[in-house]
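Just passing along the structure, written as structure tokens.
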Amino acid sequence: MRSRKIEEAIFRGIMIAATLVVLSCSILILATILIKGLPAMNLDMITKTPKGGYYLGKSGGILNAIVGSILLTGGATLVSIFLSLPVALYANVYADKSSKLIAFTRVSLDVLWGVPSIVYGAFGFTIMLFLGLKASLLGGIIAVALLIFPIMSRGMDEVMRMVPKELLNSSYALGATRFETALKVVVRQALPGILSAVLIAFGRGIGDAASVIFTAGFSDRINFSLFEPAATLPLAIFFQLGTPFPEVQERAYASALILTIIVFLISIGSRILIRRYSKHVIK
Amino acid sequence: MESTSHITVQNLNVYYGDNHALKDITINIPDKQITAIIGPSGCGKTTLLRAFNRLIDTVDGVRITGKVLVDGEDIFDPRADVTMVRKKMGLLSQRPYPLPMSIFDNVAYGPKIHGIRKKKVLEEIVEHHLKMASLWEEVRDRLHEPASRLSIGQQQRLCLARGLAVEPEFILADEPTSALDPKSSLYIENRFRELRSQFSIILVTHILRQARRLADYIVFLYLGELIEHGPVNEIFENPREERTREYIRGVIS
Amino acid sequence: MKSRRLFKDNLARSIMWFSAIFCILLVILIGFALFQRSRYILAMKSLADLFFLDSWHPLKGEFGFFPFIMGTLWVTCTAVIISVPLSFLTAIYLSEYAPRMIREWAKPAIDLLAGIPSVIYGVWGILVIVPLTKNYIAPFFGRHSSGYTVFAAGVVLAVMIFPVIIHVSIEVFRSVSFELREASWALGATKWQTIKHVVVRKALPGIIAANVLGFSRAFGETMAVLMVAGNVPKAPSSILDPAYPLPALIANNYGEMLSIPLYDSALLMAALVLFIVVLFFSILSRFALVRVERSSE
């Protein structure tokens, strides 16, 4: 009897220790980024583009990378939505439950989910060569869209699978087509989940460097053209860290802080949106 | 009473995979009356009801032979427009499933889909049908709240209003009171009595007393076969078949 | 009116059908494109040479992937060995033992951590783990090291995949029904015995899937690893050696090396290798899950 209790106590202790390790690592990361990033933070960082000699320590900021990242990831997210929504709707509204096609599609999405972002970078670059594109905003959008569309599709598929079949039937019974049911009932019922899938994918996209390293290039100017190279935040961090100048490296920490804040804002924003759009959901 | 029929079933067979769920059903459903489909659990009542509006199509691996004529046209004809078939039938299911939108939009959903765009007209339609389902008084001030906030009984009446708003000829109801409390059930039953003059109502029920109270015509199914059908008094007072008698007396269930 | 609605419905069906097909085609297309581009080197060198030769001198035409494959294995294994037990124990604690307050905070916090970009983990690695390795851990073992090592990369990756594994594991533990636990308690089992014999056993397939997810994140991670692994093209022989994993190799060199066709082809072959490993693991875990689901029906 007592040995049972002792065993439980020991394991409980180990579990608490493990949790503390995990917890402290996480806190340590945030603390490090905050402590290192805050001193180098200033308004110039987020309002100016790099001036001549920026990477040698002269003045300027990373507005080019902030804007570039948002444009690039925004574009990629938009493209992914137009790919993911039809996939998820087809799987859950049109296809039979036992459809072989959908089984294959789901396996494919699993595979695509796991494909490393560097492979998407290399594959995207191959496509660009094929199309005669050079490193550009468009190239980056293609690569990041490839990276995040499986994340988004799987998220959407998962929430749409939870929509009760009877709800679809209620709509069919009123004479609605599958398409009308998909757009007006399934999308609305799954809206919170769809939004969160979109935002998670956006977060993944904005933080990824390996997929844009060859495809988007880098530019010190802000540009809105699809065919010009665009700067991105993760690469800006990477390049600044790579310089031998401490002032520039410190700006890398500040840039890391900016990226972290953006990602956190998205995460918090998604929570608020989800709560807001859950109003009509039928339990 | 007239004996013309707008729903005629001819040699209908339904198979779920290997399961022969409806066996060679042939029947005329009388107009402007309440027809109750009764029978023990699993005998195919829901299946028959769902054949009428072709919701059965949405089941995986289902196979159907035979004909269901609605207004003289075979609804299983490949050329038939399934949305138009369904528009003729309002459905009330066992548990209410309001759509994920406001009370107003729930009722307006059907008319909107079928092409009515004018706000004024939609408002009239919503008010009219909520009144028909006797829900108007309770929700007139909260039309734009989510439908999920209504009580179950209210939700069921909302589903009734939603079904009526597409101006169907038939109302199909699958044990519409089984999830409701006695008071809400009574509400629905009273609605049905009033609607009987305008619609042909087909009601699946487990409650024999409800069938007796409400129905004009009874269809008795047993293990996928149509055993007996006829006016309510005939079936309850003087059934021809032994199995009907036993079911009504509660020997088989 | 009627036909327009049906037309729209049919059009939508075709478009959606095509996007479902697109997912399948994309997998094939990626595999095919990478294979096409690596054919050049595959024609020039034997697979055995590519995989087992230890010399990487692209300018001299020597393309031995062995150091990079070993680098990937060392780093990924270190990460998995650190992360799997810690995540497992944390997930059990958070889902079974933790007070409600902590539980309610843990979930959003974990989601938040899962969203942190890998570059940030890399920065943290450079700022904390690399100096720690250089100044304390390596000297402790009597070694001299720059700090950019398998160990540093492994730790960074482990921390990076904590939230991935924990998040999924907690969901899996939650999906084990309360009745099952009650049944065990009713037989007089303690909480720990119930967890050990009932909950964990029931949740095992899901836990395996969670760890496969974590593994594939770690395996393909590029930036965080590139920043802390040291990138020396030599197979590591201990965790205090530097390593040069495959993704880092591609990221560092691809794009600039188009002028040397064989080099370009070699890097795309590295991408093909990554792709095939992921393909293999995804399909394997899918089948494992399907079989487990069937047998538990």
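Here the chain labels run A, B and C in written order, and each chain numbers its own residues starting at 1.
We adopt the following convention: a residue touches a chain if its C-beta (ideal position, glycine included) is under 8 Å from a C-beta of that chain, and two chains touch if they have at least 3 such contacts.
Since the model is a prediction, treat every value here as computed from it, not as a measurement.
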Inset, instruction - State which chain is most central when centres are taken as means of Cα atoms. - result: A
Legend entry - Which two chains share the largest set of C-beta contact pairs: A-C
Legend entry - Distance between the centres, which are taken as Cα means, of subunit C and subunit B, whole angstrom: 53
Legend entry - CA centroid of subunit A to CA centroid of subunit C, Å: 16
Legend entry - Chain centre separation (subunit A, subunit B; CA means) in Å: 47
Legend entry - Contacts with two or more other chains, residues of subunit B listed in rising order: 83-84, 113
Inset, instruction - Provide the list of subunit A residues touching at least two other chains, using ranges where the numbers run on. - result: 177, 180
Inset, instruction - Note the residues in subunit C that touch 2 or more other chains, in rising order. - result: 5-6
Legend entry - List of subunit B residues in touch with subunit C within their complex: 81, 83-84, 113, 115
Inset, instruction - Within their complex, state which residues of subunit B touch subunit A. - result: 53, 55, 58, 60-61, 83-84, 86-87, 89-91, 93, 95, 97-102, 109-110, 113-114, 146-148, 159, 162-163, 166
Legend entry - Sites on subunit C touched by subunit A in the complex: 5-6, 8-9, 12-13, 15-24, 26-27, 30, 33-34, 37, 85-87, 89-90, 92-94, 97-98, 108-109, 111-113, 115-124, 126-128, 159, 162-163, 166, 190-193, 213, 216, 219-223, 227, 247, 250-251, 254-255, 267-268, 271, 274-275, 278-279, 281-283, 285-286
Inset, instruction - Show which residues of subunit A lie in contact with subunit C when the two form their complex. - result: 4-5, 7-8, 11-12, 14-16, 18-19, 21-22, 25-26, 28-29, 32-33, 36, 83, 86-87, 89-91, 94-95, 101-102, 104-105, 107-119, 121-123, 125-127, 135, 146, 150, 153, 177-180, 182, 200, 203-204, 206-210, 213-214, 234, 237-238, 241, 252-253, 256, 259-260, 263-264, 266-267, 271
Inset, instruction - Using the touch rule from the top, collect the residues of subunit C that touch subunit B in their complex. - result: 1-2, 5-6
